[in-house]
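Next up, some structures in structure tokens.
The two complexes that follow have chain A in common; it is paired with chain B in the first and with chain C in the second.
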Partner chain A sequence: MNPIVEVPIVEVQDFGVAFGLKDRPLHAVRGVNLTVRPGEIIGIAGESGSGKSTLCTGLIRALAPTARVSGRVCFDGRSLYDLPMREVAAMHGRDIAMVLQNPMTSLDPLFTIGNQVREVLKRRGVPGAQVREQAIAALKRVHITAPEMRVGQFPHQLSGGMRQRVLIAMATSASPRLLVADEPTSALDATIQDEILLLFRELRDRTNAAVLIVTHELEVIRRVCDRVLVMYAGRIVEQGPVSTVFAAPQHPYTRALLASTPRIEGTEVVLTPIPGQVPDLRTLGPGCAFADRCPHVVDPCRQFKPEFRDLGPDHRILCRLEGGVQ
Partner chain B sequence: MSNLTLSGRERWHRMSRRVRFPWPQGFRPGFGGSLALLFCAVMILAAVAGPALAPFDANESDFAAIMLPPAWLTDGLWEHPLGTDQLGRDVLSRLIVGTQIAMIVAIATSVVAGVIGVTLGLIAGYLGGWADAVISRIVDAFLALPFILMALAFISALGTGVGNILLVLIMTNWAPYARLVRSEVVSIKRRDFVVLAQMAGVSRTRIILRHILPNAANSILVLAVLDVGRAVILESSLSFLGLGIQPPDVSWGLMLADGRAYISIAWWLTVLPGIAIVATVLSFNAVGEKLRVWFDPRGNL
Partner chain C sequence: MLLFMLKRLGQTLLTLLVLTFIIFTLARMTGDPTPLVMPSEATDEDRQFFREQYGLDRNLAAQYVIFLNNAAHGDFGVSFRFRTPAFDIVREAVGPTLSLAGSAMLLAILIGVPLGCAAAVRRGGRLDQFTSLFASLGQATPTFWVGLMLIVLLAIDFPIFPSSGYGTLAHYALPTLTLGFYASSSIARLTRANMVETLKSDFVYMERVLGLSGWSIVLKHALRNASLPIVTYLGLQFGLLLGGAVVTERVFAWPGIGQTIVDAILYRDYPVAQAAILTTAILFLTVNLAVDLIVMALDPRMRDA
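The block that comes next holds the complex of A and B.
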């Protein structure tokens, strides 16, 4: 790719989010450094409570007002947390879009599909005369059959997969520059998942938008993403290109996570669970958060903070062990 | 099957297939609902036309015809279809004239109390925090005060009269709206479509008016129509106790109070206004229910 267009859309430095009391903070996310380039699809994986959603909502300044943020987030070269909220709200309507997990509750049950799609288009500054046409075009793009009929229907008349498509149509209409999808396929059945995931690729190809997909299904990331971030206890423990990470995961947690996905070997379904529990973020020791569950743990892991190590282009892990833990 | 062996409901369905009343699209009141609507329409007509419809002046005494029973009983006269009271006043005329005050008081109360309560409920529910704490405590205080006691205090301070009764009823009826709306808003504002709208930078006012209020409208409508019924009862109770409408104005509650002394010899003086109150309350409740179903887009698949 031409290096001139490679201006990052999101740049995050030492980003942290804490909740709770000032003197006993709960660090949901900490020490995140990340660069998102236009046209990139990034998958964020991790167990429940690893900070995936918090990171994503933090990146676009959509956290609850009780969250305390540290570090620096730049969107399109502007420091998001230094801008007045009014300008951020304008960005949210225009440049940043979001898709949530549950399509059943993400549409207002009292308005027709067309009405809701048009509302988004109007907010994104589409001139009134074109709104109707563009709404139908947006629905067509997400492969909704008979969009002219669907615009007059209410959400309850559509299936879950159809509704998620509508939401993606709304989120991707008028070309946002960053789309955050928080578990976009978790509430859908397996056959629909694929079709929905393809929509994200289409969006990227069409508008060169950056897409962040939060998921706990590694399969989703393998299929559609270019880059993967693996989170554990609020930190990114491994990040790198999907092909590299899935072929040869370097962090013991990534490895354990991949091994815990069920695979079919012959007639048997095999999966290796990760022993132990996600640690309580309040009682983390000084060392590596994964130490207690790590099969390769050595003494220094528990005593010293792990450091980021670069393993290749764009590939880094948060672990003190040398790559050779096969 | 001949028409005679059909139940009322079936006959109604057959008839309504032939004669289609021009209801708005999707509105299916059914037999009971149509009856209730008809009754409500008659009530509102009586309230608007009022004295013009009544065969006699509501306060015209005819001492030659005291406590005449309704016309279909022995000694009844068709001149006074529902009989006369202890002063020889025509019961039908008094019922019709009484409708006016009952309707004005009931509808005005639920509209004004509704607007006040809904507004405060929206503010409390959406803003939360201090606004919620302050409004909710005031609501609690108003709900804790017994109605009759509060009415007594107000009426004795302000004096009787339609305006003051309205004031008392509004003061005592807004709180349930605020509480209902607040709780609805608290749950609606956490729903994903509101979160997405907030995310998209939609303004607070617009979210409240476009997404939250319409989603709470169903419950508000139900409460409002129930409240019309409740207000009819409250106004009658106040008048019955002598705190409400004062003669020469006519009210159903007042008729009940006057007739009470003669209940053993002239039952129609209490039973007929009682029926008027019950039928009005029932009809408004039934209509409210039908409207609720109609307004819910999931209701007419």
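The block that comes next holds the complex of A and C.
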């Protein structure tokens, strides 16, 4: 697959999301520029409160109605926030799919798995006679064992991993062109995580869909993603191919984040926490949001807005330090 | 499931037993019925004869055992006041009470549930504000006043419905409106609160991003989930209407069980009071049992628990 000739599925320009009062807004996301191509798996990393979930839900126009959005999001060439909500709702589930963090609460507890999968299929226009059969086929695709029995069960009778599979089956039943997975494995056992992540790769390989995975676990990104976005205080501070970024992270925050994941050196488990804490989004100064925690901070960092700098093909950082960290 | 039913049935019977004791004691705390039943010129011997005839001269424990034994055989004794079997008097009052409570419940559900749903879906909108006002008014206005105002308006100024009594369908209109208004306000408020919560839940959000239709999300998924506490509350509300509609029954001269109980207590007519309260209790417990079964039918988690 050659990504250069493909038309992007999502194009984002200067995207921002604010909550709260008009005169005291809280900018959860700002200044995001991003291109997502079909068949790519992109990982979005960052600490809690970095805006990664807000960015993802904003990209598919599934934010709470209180959110105020700025900038432009084009899905398949159409400006998502200029379309009537009715048309966006029609794209949800069909062209755009989403998988949520908590599989335990994301299924209606009062209806059987089969009932819920069938309702989604009917909504996609699957003819009545085939709905049953296709529901079982959809469950088989996500490797649910004994799907004929599962369709008669209720959500509380299934494990968390099983429920997440059901949700993925429902979300991907129409072969979406974009799948957004918000912390899809955080609530699951480590052994189940791999199997769920594998499903995303299978979906991509089968339908050439673009997949966005939001996670705070860098391991997840390293294993399944092609490209990584690192977010800090509502901005993308570094983005690039996974191989490049993980081998040689350029933004000081990316470095710190990678160092803060436990790793084994010799016989010891080493972990370097990031000093300080995530800044309050309401009291950000004009300079770089990471300045107070950055080991390489220089005076201009606090006074002037950081600029994006391209470091290589598809690789850019939001930092004024020349050539990134040496 | 079967075990649950048996356990539930056992609980119900135990509740009833405790209740008989309370009713029996409370009835006797109202005082000696003899002076109220016997004419004032009756002699002391006459009074003593009355007490012996109805077993009131025995000690309380013996009286209780006899009462329990007879009640178990469906015999609640003879009314002191009317000299007819107490249970016949109660039976005649049960029909009017049940039908009035039923029609008021139906009206309350038909008004309260759609109103609460609509308010929750368009939170902060006009209809939501109206619902809040409606709920506050319904709960704050005394039912006797609502009843009297309805009589003034719809029976006197515009004589559309009969002001009081029992017999034809038209007689149901005003008491049903009175009780229905009261009950629908709390149902609307509860429905709204539960729907607001349910509409915030993860699975509703998931269904939205799955692109399901708004109608299906609200009416099939959200309402069914929100209905679990509502159904439980409806059971309680129905019980309240059974026993607590005394004021409304008074206002509309409705020959229901509430009036029967009040009169029986005023006249110290122990057999009728005991039979009427016990009957109300059995109806109440039956409704609650039915509610449990409905909740189990609605919620698969309950069936497995």
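Here, the second predicted complex is superposed on the first by the 318 of 326 C-alpha atoms of A that agree within 3 Å, B and C clash if a C-alpha of one lies under 4 Å from a C-alpha of the other, contacts with A are read in each partner's own complex, and residues count from 1 in each chain.
In this text, contacts are C-beta pairs under 8 Å (C-beta built on N, C-alpha and C of every residue); 3 or more make two chains touch, one makes a residue touch a chain.
Predicted model only: the values in this text are computed from it and were never measured.
When the two complexes are overlaid on chain A, chain B and chain C occupy overlapping space and clash. After overlaying the two complexes on the shared chain, residue contacts for A:N208 are found with neither chain B nor chain C. Contacts of A:S70 after superposition on the shared chain: neither chain B nor chain C is touched. Of the two partner chains, neither chain B nor chain C is touched by A:S175. By the touch criterion defined above, A:S186 reaches neither chain B nor chain C. By the touch criterion defined above, A:F154 lies against chain B and chain C together after alignment on the C-alpha atoms of chain A. By the touch criterion defined above, A:T35 reaches neither chain B nor chain C.
Contacts of A:P109 after superposition: both chain B and chain C are touched.
When both complexes are aligned on chain A by C-alpha atoms, chain A residues 62, 89-93, 97-98, 100, 102, 105-111, 120, 123, 154, 156-157, 167 touch chain B in the first and chain C in the second. Interface of chain C with chain A (complex): residues 201-203, 205-213, 216, 221, 224-225, 298-301, 304.
Only residues 191-193, 195-196, 199-202, 211, 214-215, 297-298, 301 of chain B touch chain A when the two sit together in their complex.
Residue ranges on chain A touching chain B, taken from their complex, read 62, 88-93, 97-98, 100, 102, 105-111, 120, 123, 154, 156-157, 167. Residue ranges of chain A in contact with chain C, taken from their complex: 60, 62, 89-94, 96-98, 100, 102, 105-111, 119-120, 123, 154, 156-157, 167, 170-171.
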